[in-house]
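Once you scroll down, you'll see the structures, which are given as structure tokens.
You will see subunit A twice below: alongside subunit B first, and alongside subunit C after that.
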Partner chain A sequence: MAYVAARGGEAAILEAERLYKVMLGPLGMAQVRMLTDHLPYLLDRVMGEASLYAPELAALAVAQTGGDLYEAVLLLRAYRSTQPRLAYAAPIEQDAITTVRRVSAAFKDIPGGQVLGPTLDYSHRMLEMNVLRGQPTTTNSSVDVSSTVSSSPTVFPALAAWQRQAGLLPEITADTTTPDEIPDVTREPLLFPVSRSHKLQSLARGDTGGILALGYANMRGYGAVHPTINEVRLGYADVILTHPVTGVHFSAGQVRVSSAEIVTNFAGDPHDPRLELGFSATLGWNEVKVIAASMLDLSMGKAGHASQTPEFVLYHTEPVESSGFCIHFKLPHYVTFQSSLEAMRGVKQLERADDLLEMAEKVDA
Partner chain B sequence: MKDASEGFDQSTALGLTATASPDAVKALAETLLTALEDSGTPLTVVENRTGLVMLPYRDTVHGSLFHVGEALIAEARVRHGSLEGYGACLGRDLEFALGMAIVDLAFQSGLLRDQVQAFLEAAAADDAARQGALFAQVEATRVQMETF
Partner chain C sequence: MSRLSELTHDWQDHSYAFLDEASKRELRRKILKAIAIPGYQVPYASREVPMARGWGTGGLQVTLTLVAPHDTVKVIDQGADDSVNAANIRRFIARVAGAATTTDTLRCTLLQSRHRIPEERLLEGQILILQVPEPEPLRGVETSSAASAVLHADADYGLMWLSLYEQIVRHRRVILGASYPVMVGGRYIMAPSPIPRWDVPMLHQAAHLTILSAGREKRLYAVPPYTDVRPLEFDDVPFRIEDQGGEVCYRTGAGHKFLNELPQDDGSSRFELSDSGYGEKLLRRQAGETVEIGATYYDERGGFYHDDLLR
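Now for the complex of A and B:
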């Protein structure tokens, strides 16, 4: 293979970018505010995949790319690379998350109960056509907040902790690694066999569509696990920092997080059956992603389909690498393609020469 | 969260300031700056920048720690005499972070104690109202299961 330098196209490139922006229209704070206020789930998806919690910048990235999510994620990741790492927050613990939604498909009565929170799960999927007739929807709560005697508890224990107390799960020893020593795929290559920290971090920043596709393949029948959702949760996690002088811990604000536990009904020693769980969490509220990812967490490492192979799953669900590799094919490959063409022409010439030789031999005969 | 009528410790004060209205924090900081200037001791901005904070998360199944992502923050550090104030908030509002650091400095030194206390009480009341309203609505979505 050979590489050649090529010139030309600068003016066309500049005009192409200009045309893109002309077709997109002017970009201003109004669009950024509109996206921030009205499309939080879209921004959550972008922030989760970008692995950067910055709603205003996510809104800018979405607006600037006209809603091309892979470009938006790339923009956020690129911005992230310009910023210094200032600190490591204290670990987010499941029972400290301010929770607005927590449901279980495995148990109807769970410690703390089940709260549906904000969801459309049980709603009719019908377009609000009245909006197009100039009648906006109302968003007032039916709850009289001032007269409510008791509000919902704001934190809930992990369901796995309850199952562990009941002897359904093996005891665990909490990881005491200091935050700055936790393996980090943004600074180290993803190597196999993969560490649990790398696996969960890769799933957390994975492509929602890719994780869903592999998770769906797995749960639909190509995997060995029939999933039940132990719990799925949406909430706000405090970003706990340390005052650099006094050493006091404080919350610098809250980030939206989602998590899921997937459970199987039997695992391990047949004489001492235990539940087996998969786990996933991500930045932002993205239930589909964490459910599919926890399914993959549970099934990865089991023999069988590619969707159970850590290397296959984690390499192919990286949104920037996979989308980047896909779209790089539209960039000039003139030399490699010409090389293939020349090889093809060479074969054809050889075949023609053989044919001519064969014909000549027949004539001679 | 402490009751608004009680005193605040530094952790609570920092947390309330970080989630208070940026305009309110900046306005209080302006007032505090005037008082600091009157003291005759110079105020030095040691740091005022944006950057990233890694967010470790504990997996509930194996107890392992992993990074769920990073958060963009603005932080500031100011020095006045022997005291240092610090502020850090989500986002990239450097003035907000600087205002937080000045409020933290005042909190530690007791400067304009009544004004700082009034600000924190108002922030605590706003926070309690916001949380109360949200979780009253969340409570309304609690499922009461029955078995037939």
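Now for the complex of A and C:
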């Protein structure tokens, strides 16, 4: 049966979904637990793009879709649509984040120090073949991780704060907007010219691959700025809520967060140049994404290239919309196709009629 | 003292008709605004729903917002009720809203459609919800949505007219297929969604309400009942619907209706009605059943029911 004519569709779609599930195998708490225990970076990516911090739900979404990340993000976003927004948390200050990793490329050492923390940056990317030979890896007992962690400070100032003191960055005045008055891109449409909060929120939940592609375009060949990483930070932040009745501030729990700051020099007045900051933060530890996104934050609105245009960047890095629209081309389009075919045949007919007329005139002559 | 559990209803996976109530309230307000300003694109937040973007999520959000248990819902894709995506959307609406479903245009209260308006005339009280991929009719001539919003505000449509003129210069006719731009209420140029040109006149002075909704692009707009909707045309180059070439539906014998072309193995084509619900009723009548069939927009000689529109 031809696919457009996959008719009496209901039975067909139920069977197709059943086949998918049969091929995937049964789903249980074991898979969910395996994912939450062993694939935290995968879940961070999914939760970031879904803008929903819920490791167990994210694990369920990944398991239920067999690891199809666009489908997993859509599942979480759709679940999000069923939930009312009950409260807005207080903004997270950088120096209140329990930081496990903070590195800067701008200075050899920075106030608070360079903290490598957990990273694969300097690992040799070689497969642990022994695992396949039945020899599981063991944590090297000569490194006592717990003592390393507990002996270091847990909060660090922002490097930008030092740069402001030194007159390298323009002073900023504290924003007094209350959390519930900050424009919320999950409750309002993204409109252009875009507000900075919508810009940062859209980058935060943007498609990791898409953000990287456009960020990389800016870093490589189409950039308006020369970037330096001021700091990249991974840590745990408290979600601080205000009790609706008592007014007491309390922590509803901790979330993993990542942020990046990028600086460019020679911004502003050519005779009194300053540094300029690009910033990005996401739920979950998404290092590549926050670096690329802070690059985009800095370059957006700078020049004419499409990868610096907010509308181009923010519309096209939205994972649910871009992936959904892409796969929608699988839907039948025969009515629209036929309508344009009719227009094309009409033009051909006009030409053919002309040719005939010309021939007739030649014969007459 | 009451127990807390006595004061609340049982735990549910989601609200009635899936979306949370705050989301529905936003949509109802935006729909009212859209009706008040015919053809004007109202931005809305556009929630994710359990279907991929670009698969009718804008239409679905409107349907979910308007649907009530006493409604009867019809869903079509390219005119067909049994198209897989239409079947899926219908199944979802029935599942979360408990509404009845139908394939009969005359019996539905809500009609969600992708790319078609049925051949039978919609009546007062019925609501047509069109799924929209690209709500901005000016996108082809202005890529920036900020800039096109200004063009709409100023009713500055010179670029649009110019693009039609250029098509005529290049190809000797307007080469737009579906999604032919229309002027609504003499004020806003509107994308009627990718309905064929055949369907465009059906929006003019219609008895029913049409709501058009683009989930991915986060815009909805409306054509209230009895509103002027005129396709863009020049005095000397009139708007033209698709030429059906005198073909008739091979199953029902119906002519002067929008037909699907079905390529055959021998290189020829045969044709069938695009509107499957209408076709089904014609077949049942031919089989001797008593079937109520409504008046159609185009009569059996191809005449359109409003005589002031098609030249």
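A few remarks follow.
FYI, the second predicted complex is superposed on the first by the 318 of 365 C-alpha atoms of A that agree within 3 Å, B and C clash if a C-alpha of one lies under 4 Å from a C-alpha of the other, contacts with A are read in each partner's own complex, and residues count from 1 in each chain.
The rule is simple: a contact is a pair of C-beta atoms (placed from the backbone, for glycine too) under 8 Å apart; a residue touches a chain by one contact, two chains touch by 3 or more.
Here the structure is a predicted model, which is why all the values come from computation and not from measurement.
In the overlay built on the shared chain, the residue A:Thr336 is in contact with subunit C alone; subunit B does not reach it.
Judged by the touch definition given at the top, the superposed model places A:Ala72 against neither subunit B nor subunit C. By the touch criterion stated above, A:Val248 is placed in contact with subunit B alone, subunit C being left untouched. In the superposition on chain A, A:Lys108 contacts subunit B only, with no contact to subunit C.
Of the two partner chains, neither subunit B nor subunit C is touched by A:Leu60.
Touching more residues of subunit A than its counterpart among subunit B and subunit C is B. Within the superposed three-chain model, A:Arg85 lies in touch with subunit B and with subunit C [touch as defined at top].
Comparing the two interfaces of subunit A, the one with subunit B and the one with subunit C have residues 80, 83-85, 186 in common. Residues 47-48, 51-54, 56-57, 80, 83-94, 100-101, 103, 108-109, 113-118, 141-143, 145, 148, 150-152, 154, 158-161, 169, 172-175, 177, 179, 182-186, 196-201, 204-205, 237, 239, 241, 243-246, 248-255, 257, 259, 261, 277-279, 281-283, 297 of subunit A are the ones that touch subunit B when the two sit in their complex.
Contact residues on subunit C toward subunit A in their complex (touch as defined above): 13-15, 18-23, 26, 43-50, 52-55, 57, 77-80, 82-88, 91, 114-116, 133, 143-146, 171-179, 194-198, 216, 218-219, 242-243, 258, 260-261, 274. Interface residues of subunit A, counted against subunit C in their complex, comprise 6-10, 12-13, 74-75, 77-78, 80-85, 186-193, 311, 320-321, 323-328, 331-344, 346-347, 350. Only residues 9-12, 14-15, 18-19, 49-73, 75, 77, 84, 86, 88-92, 104, 108, 131-143, 145, 147 of subunit B touch subunit A when the two sit together in their complex.
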